[in-house]
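The structure follows.
Residue numbering begins at 1 within each chain, and the chains themselves are lettered A, B, C and D in the order written.
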Amino acid sequence: MTAPSALSAPSARNAAFAGVLQRQGAAVVLVLGIVVAWFAFPRFGSADNLRDLALQSSFLAVIALGMTFVIISGGIDLSVGSVYALGGVLAAYGSRYGLVVAILLPLVVCSLIGLVNGLLIARTGMAPFIVTLASLLFARGLLLAITSEGSTTYKVDGGSAFLQLGQGTILGIGVPVWIALVLFALGGVLLRRTRFGQAVFALGGAEQSAVLMGLPVARTKITLYTLSGALAGVAGLLTAAYLQSGVTVLGVGTELDAISVVVIGGTLLTGGAGTVVGTLVGVLLRTLIQNVINQVGTLDSNYQTVVSGAFLLVVVIVQRLLARRRS
Amino acid sequence: ACTSREETPAAQSSGSGPAASAASTAPTSGGCTLTQTGYPKIDPKTAIIGFSQSEKEANPFRIAETQSIRDEAAKLGIPADHLLTTNAQSDLNKQISDIKSLLDRGAQLLVVAPLNSDGLQPALDAAKAKKVPVVTVDRKVTSQPCTDYLTFIGSDFVKQGQRAAQEMARVTGGSGKVAILLGSSGNNVTTDRTQGFKDELAKTSGLSVVAEQTGDFDRSKGQAVMEQLIQSHPDLTAVYAENDEMGIGAVNALRTAGKTPGKDVKVVSVDGTRNAVQLIADGSYNAVIESNPRFGPLAFQTLQQFEDGQPIPASIVISDDSYDETNAAQKVGNAY
Amino acid sequence: MTAATDVQKTTAPVLEVAGVTKRFPGTLALDDVSFALRPGEVHALVGENGAGKSTLIKVLTGVHRPDAGEVRHLGEPVVFRRPAEAQRAGISTIYQEVNLVPLMSIAGNVFLGREPRTRAGLVDWRRMNAEARALLVDYGITEDVRRPLHTLGVGAQQMVALARAVSTEAKVVIMDEPTSSLEPREVEKLFEVLARLHEQGIAILYVSHRMDELYRVCERVTVLRDGRVVHSGPLAELPRLELVSLMLGREVSRIREEGVTAFGEEHDVEREPVLRAENLRGMRKLRDVSLSIRPGEVVGLAGLLGSGRSETARALVGAFPLDGGTVVVAGKPLRRGRVAAAMRAGVALLAEDRKTDGIIPNLSVRENIALAALPRLSPFGLVSKSKQDRIVRTFMERLRIKASSPDQKVAELSGGNQQKVLLARWLATGPRVLLLDEPTRGIDVGAKAEVQALIDELAQEGLGVLLISSELDELVDGADRVVVLRDGKVVDELTGDAISEDNVLASIAEGGSDG
Amino acid sequence: MASATLTAPNRARTAAWLQNYGVYLAVVVLLLFNVVFTDNFVSAANFRTQLVQAAPVCIVALGMALVIGTEGIDLSVGSVMSIAAALIPLYLGAGPFTALLVAVLAGIVSGLFSGVLVAYLGIQPIIATLALLVGGRGLALVIAHGQLVQLHNQDFLALGTGDVLGIPTMVLVAAVVAVLAGLLVQRTTFGRQLVAIGGNRAASTLAGLPVRRVLVGVYVVSGALAALAGVLSTARLGASDPNDLGLLMELSAITAVVVGGTPLTGGRVRVLGTVFGALLMQLVHATLIKHDLPDSTAQMVQAAIIVVAVYVARERSSR
């Protein structure tokens, strides 16, 4: 075995390097982008703007965190946009019964939707894409039902402690940002340092093997989707606290945003590899692009989506080429 | 296509356009003044003005709205680089960050077309913190006027619904079966236009609503839904569409089904786009209640008045015209 | 292996099935099977491809649920609903196809699902890596355990799977063809492990098609044929020929003497090479490979696992990226990196891993056979059903492919029959050169002899054949010439009488007379 | 246990039958339901409406089915429809045929774009086509200056509203596309190869199949069909409406394909199933509207129907 290992050492290092590049590619782009924006736009580097970027990123970040887990496991969750909106409405509705209800109600309901997703996916073998597509519809329908077809918007009382979750600041930085950071830290530990996390990787890498290796595949899947639902609910409740109301028009297309930031962050859509830090980078990149478009300020609104689409493409292509060159 | 876009503002900026008139519902107690807010005095003509649009400029209303703001700014001699614009692409969170970034880039006066009545509070708070007055146009926000924002300029959507119902009663002669093509679910405009319409329609006992289905403010969905309704309610005599696009879709559907829109089945909608008004003139449509998008002149006028120290009412209702068979042919030039 | 033999007879079975029947759409895979595994014994489970061995194992471990009959563990009836439950009951299994997670680290694979944890309940990577390293040394794996598993060779992966299975403190270890992708040295390692387990009184169920192995390590044998148990008893008392006869259900007299392959005499090879490869280099796996294949010649390719045999074969058909070198077929150089071009030139590769690189699992036997020849069977791009059927029928008969019909999904066939389907796919393209990468791996003795005879026959018909096999006797018997690879370089070439197991082994080890 | 084993094969057979024929059964059941419970359902005009409305989804779904057969997905179809719509008024001056040709050409180019990203750069289909989903509609609006354009060319409008031998042109086109798709999948090398590639891409590469070419071809077909659907819908609408045309079409099409029994894991394409999947979703829509259910209920009912339909049609692993 000495000869092969002599052969293999550099190739392993190469593979690792490619992996790093693929993941850190987005980080490199992010840093470059920030540097360019810093010099090109005098207002970009202001503390206010940066604080704002962080705050704006935090909601999508929380949703994308759940999506990261799901995608690493080889699945996908299209329901997060609707569940996010539903979570917001439920939080605003619950806030009239106090802080605890405002937090628990969306958490419980959104987790339940995730749980049902997970059960259907794990126990019946239906494709995650289609199951969560159905619950995208379901959650939106439920939202409309509890707001009498969207005509009622529940408001959060001005004095409610619940508002602090969205509008409060700690050390000058918004509470949602802190919450997102804590969740990401926990998510990182969960993914890298627990058996559950290892099972998630195994599931995405080779599901059949995971079954034969005796992993609790069904339980892991159910937990995953529940987690994703719950995190979308958390994002929803933070948003409700931030906006002081349960806005009904929220979250349309958010699932696609979440998927693209996860992928930009270097998580393989085929599953089996990925990091939560990458996702964070992906979210920040997206926010950066939006901010830069605003700073430029002269872009026709129709061009803006063209630019976003092109940007997504460029990042993915660059990642791909880097990974290929190195392997 | 390009010419129609330029025609419209020209027609109204001549002064005789419908936007110039405003029936203000000023509270008797005088309204909001500069001293009351404690904001610094700024000259709108030299100030940096931010405009936050909510949706892509991809429908007549939004196109006319943005254009009206730009034209008025140009007319007042405000340099182009003093008018900052953003577009939230129908994403509420983005609109908040848009407004904050406008503030960050030094906007001293803000005109905002809110995506939603609720949920802009953080952006308004940010403006308040920087002592920047905010005028919201076209959609009222549910925050406090004068403290959270300066004033609202726009239509009363409930009223539009009521006026549509009155038109409906008129064109149907007070009896018949009505279908409603609703706007997008969850949207306040939909809610208000439905509520106003239904409440008012209830006063006419001969009219009953037999179906209300969403057409998402979209012509093709309006058409598809209408086609279904024509089949399942052959006795349908009227349609109320919550925007012109769905109304035009309904006209398409009626034509395909071999019915004569405007005669067999009456069509009433809200908006005032050129295509719909033209249909009235052609006899295939019955009435359109205008929802006036030309906020530019009023918005700048209001800001000027505010900076001049005059009291500003909590809401300024822009006057909405209406089009029917009697005036459509002459007024089609006013439509956007 | 004698330490435990005296214990075993007296004790009750640790794992047992009684009257188990398992039906798949179109096949009765197990038919009223009863069988017992006693503590401490090494029990061979043998039978032809498709006899039901893997199915029985899957029933034992909760992958499949039987349609009738029951599984007993320590005398008690049990229903394992999932492999996890069987594992918890102390039954550890190495399935036929390597079932690990390729993107995950080696250590991660060994400890997946039972990672050592710190006091805080978090995965203790440092301990895990250290333990994995210590554990794997015993299996001859000295690579960095933090590397992704897929960077290991198939054989090494199999060893990892073995290490994983054995390290779970199981009472029963089931191995479904563990040696099929191991090289001789690794097989020895495996036997050492087996002996150790045996000493610890662990029961072992062992499936293999290799007779030598069975007689070396097993005490008892159960023979399955067409889903039924046809014999069960001590192995030593059973002559090899008889065992083969039981498996195949044919008279002893009709079965060739065991140990000799079905290859015939050497072939007549004097003509110009049909394929000539010069100085192939690429991806650090191939450093300098030159070889030629003449029509009607069987060229053996020998080497250790990881020496670059598979890469060479892949490079010849353009499926392995090359940095340099040329492949010339019938006088014309091939365009690099184009499998289709190689195929048109008449070079066909039967890939090593039939699951990932061979079968299209959801398509029928018919379509799998016709796949590569499709353009030829389809004037104007329209598939001609009749032409397709003719070809398919011909090859199903010629290769004796056992399927309920040409329309059966290929995934439902046994491993050996899948292999024959793939062989048929290539023969249907009418190739000039056939590259066979481990063509008899995982194939039962009967089918193996058939495949070998077929290779012989094809060579006689003028086909050039490149044969890669880890079974030296197959290589020695079958090849007219043996090219030996080491570290991606051709180090020796043996012809004529020089081809013997000893010489090949010497070449592999020392780099040959001239190297 | 004993009774379970007795009924097991029976249940398995029923399940297998449902898996293959469930979507047809569902369409029949829903039709019967409507015949009994929906007023004015049984009329030629009504069936005509349902078929006409289902036609564009059906056309797009057929292209989508091919893409899904290769284990891919095409999220860009809605945006491609909108690009097609945006181009029509620009070329209608040169005649309806030219406009149609240009629009379909644009669809082909879009498909080529996605296909090259997927096949040659190895970018995952969902992301490659997501980029076009995001950017494509913007592009269409840029082309159209964000404007809806009323169309007046009668020949062109006839594509959407006209008849051929009493059959609406749109339905006829959809039927022809379905037949061609069926032939393509069952009877051509291209079709068999695409299924093989979806079934096992590595093996197909080693079997010498022109994998990349087939993949590009599949996205091109999907793009062209989406553009065709965009043209037909535009003709029916009487206006080019790039802002709204084809919104969420990708989800409707995918739903139709999956409800029709084509697994998202590739390796299989069910053409007739896809057609019936589109019909089923159309009927569900119609039923909900005709019974005047509010949007909230309608969305939840649709969700339930999708889950049930896919549950029945799912690939079962025997164990």
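Heads up, the rule we're going with is that contacts are C-beta pairs under 8 Å (C-beta built on N, C-alpha and C of every residue); 3 or more make two chains touch, one makes a residue touch a chain.
Protein identities per chain, from UniProt: A, D = Sugar ABC transporter permease; C = Sugar ABC transporter ATP-binding protein.
It should be emphasised that the depicted structure is a prediction, and the values quoted were computed from it without experimental measurement.
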Pair sharing more residue contacts (C-beta pairs) when B-D is set against A-D: A-D
Furthest chain, CA centroid comparison against chain D: C
Interchain centroid distance [CA atoms averaged], chain A/chain B, Å: 35
Separation of chain A from chain D, taking each centre as the mean of its C-alpha atoms, in whole Å: 29
Approximate Å spacing (C-alpha centroids) for the pair chain A, chain C: 43
Contacts with two or more other chains, residues of chain A listed in rising order: 143-144, 149-150, 300-302, 304-305
Of all residues in chain C, the ones touching two or more other chains: 63
Residue numbers of chain D (touch at least two other chains): 141, 146, 294-296
Residue numbers on chain D that touch chain C, as the complex places them: 5, 8-9, 12, 16, 186-193, 195-196, 199-200, 202-210, 267-268, 318-319
Chain A - residues contacting chain B, complex: 43, 46, 48-49, 52-53, 56, 59-60, 143-144, 147, 149-151, 153, 155, 166-167, 239, 242-250, 252-253, 287, 290-291, 294-295, 297, 300-302, 304-305
Touch list for chain B against partner chain D, complex: 1-2, 5, 56-60, 63, 182, 185, 210-214, 216, 218-221, 223-225, 227-234, 245, 248-249, 252, 256-257, 275
Footprint of chain A on chain D - complex, ascending: 73, 117, 121-124, 126-128, 130-139, 141-142, 146, 251, 254-255, 258, 263-265, 294-304, 306-307, 310-311, 314-317
Residues of chain A that touch chain C when the two form their complex: 1-5, 7-12, 15, 189, 192-195, 197-199, 201-202, 204-206, 208-216, 272-273
